[in-house]
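Down below are the structures I want you to see.
Next come two complexes built around chain A: one with chain B, the other with chain C.
Take a look at the complex of A and B:
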């Protein structure tokens, strides 16, 4: 038996050759995962829906957005949280003025893209660590601006509730509708990124990523494509910012979008795998849930085996384990979780014969 | 062959469900959730605060609990991250939690809409929204402590008591440049118009470890009184810089966020004279704290290092735990049969009357309208070794504070801000 059976797949036209998942088993897996996610509210307990699946979908969407910039176009961004903040604030304010959510969400994306591209322009002159500094500056400038404009932040207490909204005819209240909205947006973003590789845009990004002056020599307008990469990635960030506040936080306040968020999403991209759609989902899952699981396990173990540990140590122990895990993981498989999956898949591609060398 | 593939998939699907824990069995316990931040922003106080809470619960449980019910507090680290706190919230909700105390403003903000829906009591002591004192708008959000606006009002009143008249005087606020740091500004402005003092602000950038540029300006401002408003590292930096600039510490007052550990950083002797707002008694003097030393720590049941017992933040923890347990008592007095739910505890918490925790706190009375509990406190001065009360428990300027609370809660009700 072979899971990823390749026999009998003959491409008779370009369309079939270029389809996203040529292997039947891949298609089957994707369909199963989508079906499971769609049916999740029926299958899993509410706790897992609200506390795991919803944040996972939202953070995965954000990771996909940043991955477009970092993985596909090779540009560093350490201020993605600020990009999301712009989208979140723009859309919440628009919704409060009576705009429909769909429009407000897109407007949030456009606002993020417009401001993101200004800071992205720095990428035309500087690279790597220097670009990282420029984007960190963006993070701090946006944070500062939000806190110091009461009209934006919402006054003394600096928090704004999201009013009741409808999305594509669905009233967003409770867990179900929020879950499906997050799922829908995440699916759209994933679909877009899966297709990026198959477009001229995606190929140009790859050329820019590998060596920008070489790309320039073969006739790719790096100026245009770097800005486009920042534009597209920031647009996605803005949209996800909107989803984050509407479906999950329900209140928008500046402290939700600090550097911590940017670093967290960056970690998701790196651990998941640069330039991988699947990896973005893995990375988001790992970074979001490892600390939670470790916390729960250590807490439960402390109760079960009755050992008394200091609250301080109990809080830091999961962090130590988590840190060790990240270091170990990055030294064993620096290409991320997507590569781990790739290795497994490669193994099964030729199974039961020897592993395919790639 | 088919079977193997199916078995493989079935296992893959089954793995996540193995982690499912059955809901806790029906025991005689009352569950509180404490997903607090031990590792990120609130580290300066979370450990001591939590230790105080746990020790008090141990004291109560050791004496047989309340009505035979034990208090179970589930403490976990939220790292101030909303997804982690919400996971804990949802998990504990399933296990029948009736109260949650996240001790974090961002987490409290994200929980407010949820607890209003789920009817679980959200304790936001010294954190969260100041306007949650208005119980008619926030029925399940319970600050149960003097909010920042009240603290500012009391501090200004203390200045007035000292100088008799503040007309023409100059008061400055040196604050962390975040929404938290800017929170007292509207009250201080309003009181300035009322009492006739001049008011100005000096913000410093978060987290506040470098304030070297601000304090020379503060010195040049030649203020009569200085209020400094920060937390953690910001507070000790403020004090160090004030000393370096030769500012008289006995005319400087802090909010609740000043503790013995800040004094250790600055130097115990050097910080002599500085003032702070105190919501409850400090040291090991109050009877409850002495009881904990004897009955909990003495028997080796303490939740942490014994040296921390009686420090400012430890006592805040005891204070909040005592108020929660008093709420449970009051709830049993109202409906002894339960059932133990959020609304049941809410009834208890909102009927706490003249509670002093055997002298640890000023008499507090919580009602369905007033979730702050009266807004009493006192001003204490650091004498080089400990904080010494300078006033009796008092309350002041509550009209101005409540006008601000109503204005803000009204805005929350109508526009969600």
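Take a look at the complex of A and C:
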């Protein structure tokens, strides 16, 4: 198991030292995963593609967006579902007016960012505690606004169909094109976040996250960077909201973006690992698939041992699970699955030795 | 719109608000001692109502006795939450602790209906249905009694803060390290705050449960409680009393005036709007202490 081999890697210039994956094995892993994802429609059953891979990619994108705010900038957002709702509704309406999808998607992002910042700006001046309250209030207000503005939702119980669209020349109609579109957007967002750390913006965010008044002293405009992070995160949220409706839901209705969605994405960020791109994918996978697995297991156990599962219990099981996982991870492994993976990787970096010689 | 109706809406609103205030009181207590907001407060109120219902139904106690029993049990629950979950988080960033309580909220809010069934449970304190007339204003008797109990409890809490326990908790709130060095048991003070917060939440939950039935929707009290806590100032007990009346009146009037125009649902967002407006205009609330960070 000496895959993560560090021997023989000598950095001769800054460029090579600052590359994303200095280890050959890491590069190999990333390439394999990308290749597998690109070839997925050929490998896996169409049903699995639509039911598991597409939502995983979309929810991972959303998790990355929220993680930018929570993991990189150290702020908190309890209403990310509402942010996605703004993007989704804006883009769908624009598409229905005949705008090209690419433009509508970006406009959705801008709308999310603009409206999101209105709610965030007040609270960002003070402590993170207040931001939590402002964003949870935002969730309720946006929910209310969408339902009660007939121009937006088309009525209380209405859902709006997404018209046929083209994305970068690709007609989005079947499962395949939707999958590749979700993959493309997810890859773009992941690439952006991988590179954030290497920019002045990313370093400023790290300083703000670690101690905001210390950052202020070394000349970083804390409020500006918090606001920028909030803006960028909301923008991504809006874009992902658009992808969600175009590639997965196909129709948009107010009940898809309630607090439950916000909780789900929050759980993904926390379980995956704050400030980790890889962790966001882990977290999204864990949160999306554990309830399904659990349902199957309990169902099988019920058949095997002949007991009945209460319908109420079954309906509430996912949220119970998310709550438990959030509490458990925060108190046992606050940095989430990314840290767990990191521990394993660190172990194998040195294997067969236990500790590095100092 | 006639004046009598407005009066009625405002008065009922104030009473209802005071009951929200009971939930907010717990948030303020915990913020005062440990500097973090408790986002599980709504779910704890809901759980208090469920426990009351369980005592009344399973043990067959009279409802008021069941409420007393529930208050006792929930005090223990609050202390346990602090001991098991929160204490190991000491020294972690505030956000982490806040998210932990939010995780607890998510868990409790789904566990109670999941395990006990999601049908609405009835909780009957035997308060007569007939309304009371004050002048020519009609007031629901349950609101009157509930509001009265809540106001009394909030005042008791305010008085408590000048007792020995209160001084102790204020010391912890002011400076944990300094309190430690003069021999105050900081952990115990924080645990007490959690226990007291659970008590007030349970009282609120039981009162609400008797009016609208016990179900998961009781946990929505969280947003209203947050609005009150933030409007009154997160660290001010008297602020809770004033802000709760204000939030209640706003909610009552908004429901009465705006609902007919747009077809319902205003009640749920008045609290959210108040949170945002407070943050924009006066972030530390009406009576809150402005925080100045020393470097």
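One rule holds for everything that comes next: the second predicted complex is superposed on the first by the 318 of 358 C-alpha atoms of A that agree within 3 Å, B and C clash if a C-alpha of one lies under 4 Å from a C-alpha of the other, contacts with A are read in each partner's own complex, and residues count from 1 in each chain.
Here is the rule we go by: a residue touches a chain if its C-beta (ideal position, glycine included) is under 8 Å from a C-beta of that chain, and two chains touch if they have at least 3 such contacts.
Predicted model only: the values in this text are computed from it and were never measured.
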* For A:315, select first, second, both or neither according to whether it touches chain B, chain C, the two together, or no partner. => both
* Examine A:47 and indicate which partner it touches, taking first as chain B and second as chain C; both and neither are also allowed. => first
* Asked: When the two structures are overlaid on chain A, which partner does A:202 contact: first (chain B), second (chain C), both, or neither?
  -> neither
* Of the partners chain B and chain C, which touch A:342 in the superposed model: first, second, both, neither? -> neither
* Asked: Of the two partner chains, chain B (first) and chain C (second), which one does A:253 touch, if any: first, second, both, or neither?
  -> first
* Asked: Counting only touches as set out at the top, which of chain B and chain C does A:153 meet: first, second, both, neither?
  -> first
* Contacts of A:32 with chain B and chain C, given as first, second, both or neither -> first
* Touching chain B in one complex and chain C in the other: list those residues of chain A. => 147, 310, 312, 315-316, 318-319
* **Touch list for chain A against partner chain B, complex** => 1, 3, 32, 36, 44-48, 50-52, 55, 59, 96, 147, 153-163, 248-251, 253-256, 260, 288, 291-292, 295-296, 299, 310-312, 314-316, 318-319
* Quick one: in the complex, what on chain B touches chain A? -> 1, 4-5, 9, 13, 16-17, 20, 38-40, 47, 50-51, 54, 74-77, 79, 81-84, 86-87, 89-91, 93-94, 105-106, 109-110, 112-114, 129-131, 177-179, 182-183, 185-186, 303-305, 408, 411-412, 415-417
* **chain A residues touching chain C - in the complex, by the definition given at the top** => 70, 74-76, 78, 119, 122-123, 125-130, 132-134, 136-138, 140-141, 144, 147-148, 213-214, 217, 263, 266-267, 270, 310, 312-313, 315-320, 322-327, 330-331, 334
* Would you pull the chain C residues touching chain A in the complex into a rising list? => 36-37, 39, 85, 88-89, 92-96, 98-100, 102-111, 113-115, 117-118, 223, 226-227, 230, 234, 262-263, 265, 268-269, 271-273, 275-276, 279-280, 283-284, 291, 293, 295
